[in-house]
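What follows is a set of structures to go through.
Each of the two complexes below includes subunit A, the first together with subunit B, the second together with subunit C.
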Partner chain A sequence: MYMPFNFEWLSDDKAVISNLTGEFSVLEKHDLLEVANSEISERNKINSTSTFLYENESEKNSLSKLHSSSYARRTLNSLKSPFLFIIVPTLRCDHDCTYCQVSRANLDAAGVDLDIGSIEPIVNLIERVGKPPYKIEFQGGEPLLRFDFIKHFINRFDQDHGEESEYIIATSLSLLNNEIIEFSKNNNVHFSVSLDGTSVFHDSQRRNVIASSHQMAGNGILALSESIGIDRVATVTTITRDALRVPQDIIDGHNNLGLKNMFVRPLSPYGFASYKMDKYYSTNEYLAYYSKLLDLLVAQYDDVGIVEHMALIHLQKIFRPDKTGYNDLKSPAGYLLGSLIINYDGNIFGADEARMIYEQHKTKELVVGHIGNPDFKQHDAGIEILSNSFISEMPMCNECAYQPYCGADPLHHLSLQQDLIGDKSTSFFCQIQKGIFGKIFKMIDDKKSMKVFDQWLAYGSR
Partner chain B sequence: MEVVRKDIFHVISGSVDPGLYRADINSNRKSVGIIPNLRVNQLSDQLITSNSVQLQSDHTFSDGDILLVGKGGAVRAILSKSANANTLLVTERCDNLCEFCSQPPKEANDDVLFGMAAQALTEFQTSDLVGISGGEPFLSKKIFLAFMSTLNSLGCRTPLHILSNGRALQDISFTKKLADVCQYREVSIGIPLHGVRESTHDSLTAAPGSWKETIDGLINAGHMGFNIELRFIPTLDNLSELEKLIVFVGRTMPFISQLSIMNLEPHGWAKKNWKSLYRSPVFYSKTLESAVKIGERLGVNTRLFNYPLCHLKGEYLRNKAERSISDWKNYYPDECNDCAVMDKCCGYFKSSKNMFLEKPRKWAI
Partner chain C sequence: MPDEKNLSLSFSKDKLDELVIRKALYQLTPYCEWELEETGTSWIVTAYSEKKDIKRVFDRLINDQVLRSKIDRETYQLRRKIIYKALSDIGGGA
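Let's look at the complex of A and B:
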């Protein structure tokens, strides 16, 4: 007799099954059919699982409690996660990327910058809402256009919290100079840099009038590697149409710069990209690319030793759902529960995507307050977002084998489908996630790939 | 065969009534005053007065140790600064009857042991971890809560590691009271789970319903925030469930801080049932390695207790081994003397002799 479980086909003759505890097993079709018909033979692979089967009422009773306990813990765990503060000192940018999520402004735009005077109230807000260790990320536009602000802020915040703070600057590195490098050396500053491949692919999407964006990013990465160390530099790769054909390119692009980590993601439906999602590529095309990419990375791991973090996050969610927090794969996914954003205009948001949506559609409900007057009253939109983010209760998600590991991403669905839950059968997010999980489970079922995945997991938990 | 630390010595001259005493060797540390001092003289020409004795010259007691003087003049330290680990026996009664029990249960009321333990801990004044063992310490819930209360009100803050079968914790109101009374110190609970199948666990405990209650107890205590060390004792009857158990624990009990896999001690009932229980680790190395690796993936911190290093295959498993045997019952056979990793190895139980000794494998290191 078996506890309730969900299944997804990985291929014509293999399926992955999972239950509320998060335990999974990859079964061949005939084994799955045996289980469905309650005729489990002795050599059925499900016999080697731990939480799917029971022999009598008493075991069923105890297993039910364990399943519920597991689900409860996972749910609660999703409600507490390391808190990220995002500050957007300016929306201006020296790049004009085709897929810009934030709807960047021109270099000479007015009224899209934070005043130095706002630093004090921002520090007060962080101290009120957060607790150490603090993680503060500067985004833009191009944050280095306002290095004055960043420097000022870090010096101010370090006065009281220097020992317990980590700062991240999300930048293209086009404006990196010695002063910034020196400052980063002496403070706990990390960098998050866009790297979309080797120069051809990177430059075709990430346009800068002065010089090759790729060259500036590459030089910047090398300079940082020598001064503050490669461990403090992380890359983000956004895949666009041209790059789909050559999965090896992003591997080479990283390897050439001595980078051992990459983070690959498809376009997101915000900003400039939201207008042309279907012009870029279908989810199937992306998944075919990503699948090849993972195969290459695994095959080349002994030589290039690169860990891909989108896959690693999925692996961590599969194997350690209680110990993993990643804002985009959370259920429940509350507004203001994972991050707080102080926008260039002083508006406060509860998620990064919210400020992107607001930039395009001026969705007032997403604004939580203003730095000039951060009086947090009950935020109805926040409660609505939270209550619409329990995927075990949503159509299609409630039957999906990836449910213990997946998330809701309500703002993604709000942006693309104008609904917090959305119709998962046509959801870009859902198709991508199912594709990634499906590929990863196929690889988990393969000894050689799992060996590399074990090394990635070990790296991720160091 | 010499144990690492002998713990029973005899009185050579002087006399003292049987009972609990605080060893006064060099009057260095201040006594709390709950237990009478026993002056232990070092030199043979010192005056022997009442409540002062001279012991064998090779005794290992330190100033401030808690000594139990028996009727025949034998003196044992039940808490000692020179021990590698200290454990207090608080009862010999238990509601399980495990086939491999190294401390077979007795039925007589022995609540007095709790009183002695409270006095001993308070007088000993240590901030190092002390084990609380039995029998089943939680068998009488009232007494255990009173024991903790007493320690609290006497100002004793010693961290405790309590060994329990976990069944009493199925009572949620007891678990809540326990959490309350334990809040003044670091407390962890070591709970054995013999299998993922009810029949496997219950036949090893010879106590029907014990699996169900232990699972309930683990859930309650886990959710209450207790630090739990889960224990698995491999035997011929449950070894086949080891890998399943790791997944079981990893998926349903993420709150456990450690999983300890414990090699059998040939003492008590384990000795009696040895042939039907003991499996040499040399023959289940693959299973052990596979299980520990699965645990690693799931974030289960697995350690191996009581496994001599030469009985484990490969660096990976050896790095998981602990020096887990209490020094008073720990020894190293002569063959170990020229072993390069002796200082990292737990060695053997002193009861591992003759047919119960699985010899050191010199060629394996």
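Let's look at the complex of A and C:
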């Protein structure tokens, strides 16, 4: 007999099965049918410590307790993950990127900056809501336009929490200078830099009127690498239509700069980016690109040694779920429970996507509070969003083999389908996640790929 | 522009649950528009698609849902008990 499980086809002949413990196994089709018909002849065809099969009531009871405690632990993991605070000191930006999701403002715009005086209430908010270790990220616009704010904030926060805080600046590095480098060296500042491949692709999408955005990013990465170390520089790559043709380009773009880590994501049809739909591609097109990219990274690992972090996050969800707090793959969702965003106008949001939806549609219900009066008790939308983010009870999710590792992303579905749960059969989020998990499980089933994945997992456990 | 060729399929109610048909249709949505009607003894599915392989796609989805339905029938009660206990333990520990 068998415990509850789900399956997904990896090919016509193979399927992956998983259960509430998060255990999985890749089976040949005939073995899956044998399990479903309770005809499996050899239990070790499933896996050596099978949590899938039982022979008597005693085994069934033991496995039930195991399934229950594992499911509880996974759910609690989503509720207790590390907390991220995002601060948007300005909406002004010196770039005009084709896929920008926020309503970026021109350099001379007024009324789109956080006042230095808001630092104290923000610090009070973080101390009230969060606990160490603190992770604080500055976004924009281009946050380095307000390095004065960032410097003041870090100096103030470090007075009480210097030993237990990590700061990240999400920037194009166009405004990096020696003062910023020196300050970052002496404080625990990390950088998240957009790098969309070599200059051909990067500059065509990330436009700056002064100089080549790619050259500025590249020079900045090299300068930071020499001064604060390459480990404190991470990249984010947004794949555009033109880049789909050449997966090797992003590998070369990183390798040329000595970067050993990349994070690749598709164009996200959020916020203001949704107005530029002609730049988009189908999920199948993106997944075909991503599949080739992973194959290339694995094949070239001995030479270039690059870890792709979107894949690593998925691997961690499968093998080491306590090691990742990635908000998009949480059930219940990471909204409010995993992050808070303090916008340039002092409004507080429960997720970055909520800020983007608000900027587009002025949806007041998504404003959690204001730094001047952070009362979270009246946020009815938060209860509604979180209540509709348990994927074990959602159509299609409830019978998906990737459910133990996946998440809800209610704001994605609210933005694109005007429903918090959404229709998963046409969901961009679902198609992308199923595609990534499907590819990863196929590669897990291949010894050579899994050897590289083991090294990625070891890196992720540092 | 060619006319849409409708695919019409009939399923005996004795052989297939309504839920199996509906779940398969839910997954057919990305491929084409569809309608579901019923008589006293049958489910009638009309799929609006020019693609020749739509029947093959739908057969695969039905087959998939039949297998899932079998597994679900065998394990539904046990699954509910496991999840209920897990959530009770979380609530007790909070």
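Some points to look at:
In the analysis below, the second predicted complex is superposed on the first by the 448 of 462 C-alpha atoms of A that agree within 3 Å, B and C clash if a C-alpha of one lies under 4 Å from a C-alpha of the other, contacts with A are read in each partner's own complex, and residues count from 1 in each chain.
Basically, a contact is a pair of C-beta atoms (placed from the backbone, for glycine too) under 8 Å apart; a residue touches a chain by one contact, two chains touch by 3 or more.
Predicted model only: the values in this text are computed from it and were never measured.
Shared-chain residue A:Q418: touches no atom of subunit B or subunit C. Using the contact criterion defined above for the overlaid structures, shared-chain residue A:Q159 touches neither subunit B nor subunit C, since it reaches no partner. Contacts of A:N61 after superposition on the shared chain: subunit B is touched, whereas subunit C is not.
In the superposition on chain A, A:D322 contacts subunit B only, with no contact to subunit C. In the superposition on chain A, contact of A:T51 is made with subunit B only, not with subunit C.
Legend: residue contacts after superposition of the two complexes on their common chain; A:S69 is shown touching both subunit B and subunit C.
In the superposition on chain A, no contact is made by A:N178 with either subunit B or subunit C. By the touch criterion stated above, A:N373 is placed in contact with neither subunit B nor subunit C. In the superposition on the C-alpha atoms of chain A, the part of subunit A touched by subunit B in one complex and by subunit C in the other spans residues 67, 69.
Residue ranges of subunit B in contact with subunit A, taken from their complex: 196-199, 211-212, 215-216, 219, 222-223, 243-245, 247-248, 251-255, 293, 296-299. On the side of subunit A, the complex with subunit C involves touching residues 1-7, 9, 20, 33, 36, 60, 64, 67-69, 71-72, 75-76, 392, 395-396, 399, 423, 425-426. Per the touch definition, subunit A reaches subunit B in the complex via residues 21-23, 48-51, 55-56, 58-59, 61-62, 65-67, 69-70, 73, 319-320, 322-323, 454, 457-458, 461.
Across the complex, subunit C meets subunit A through its residues 23, 26-30, 64, 67-68, 70-72, 74-76, 78-79, 81-83, 85-87, 89-90.
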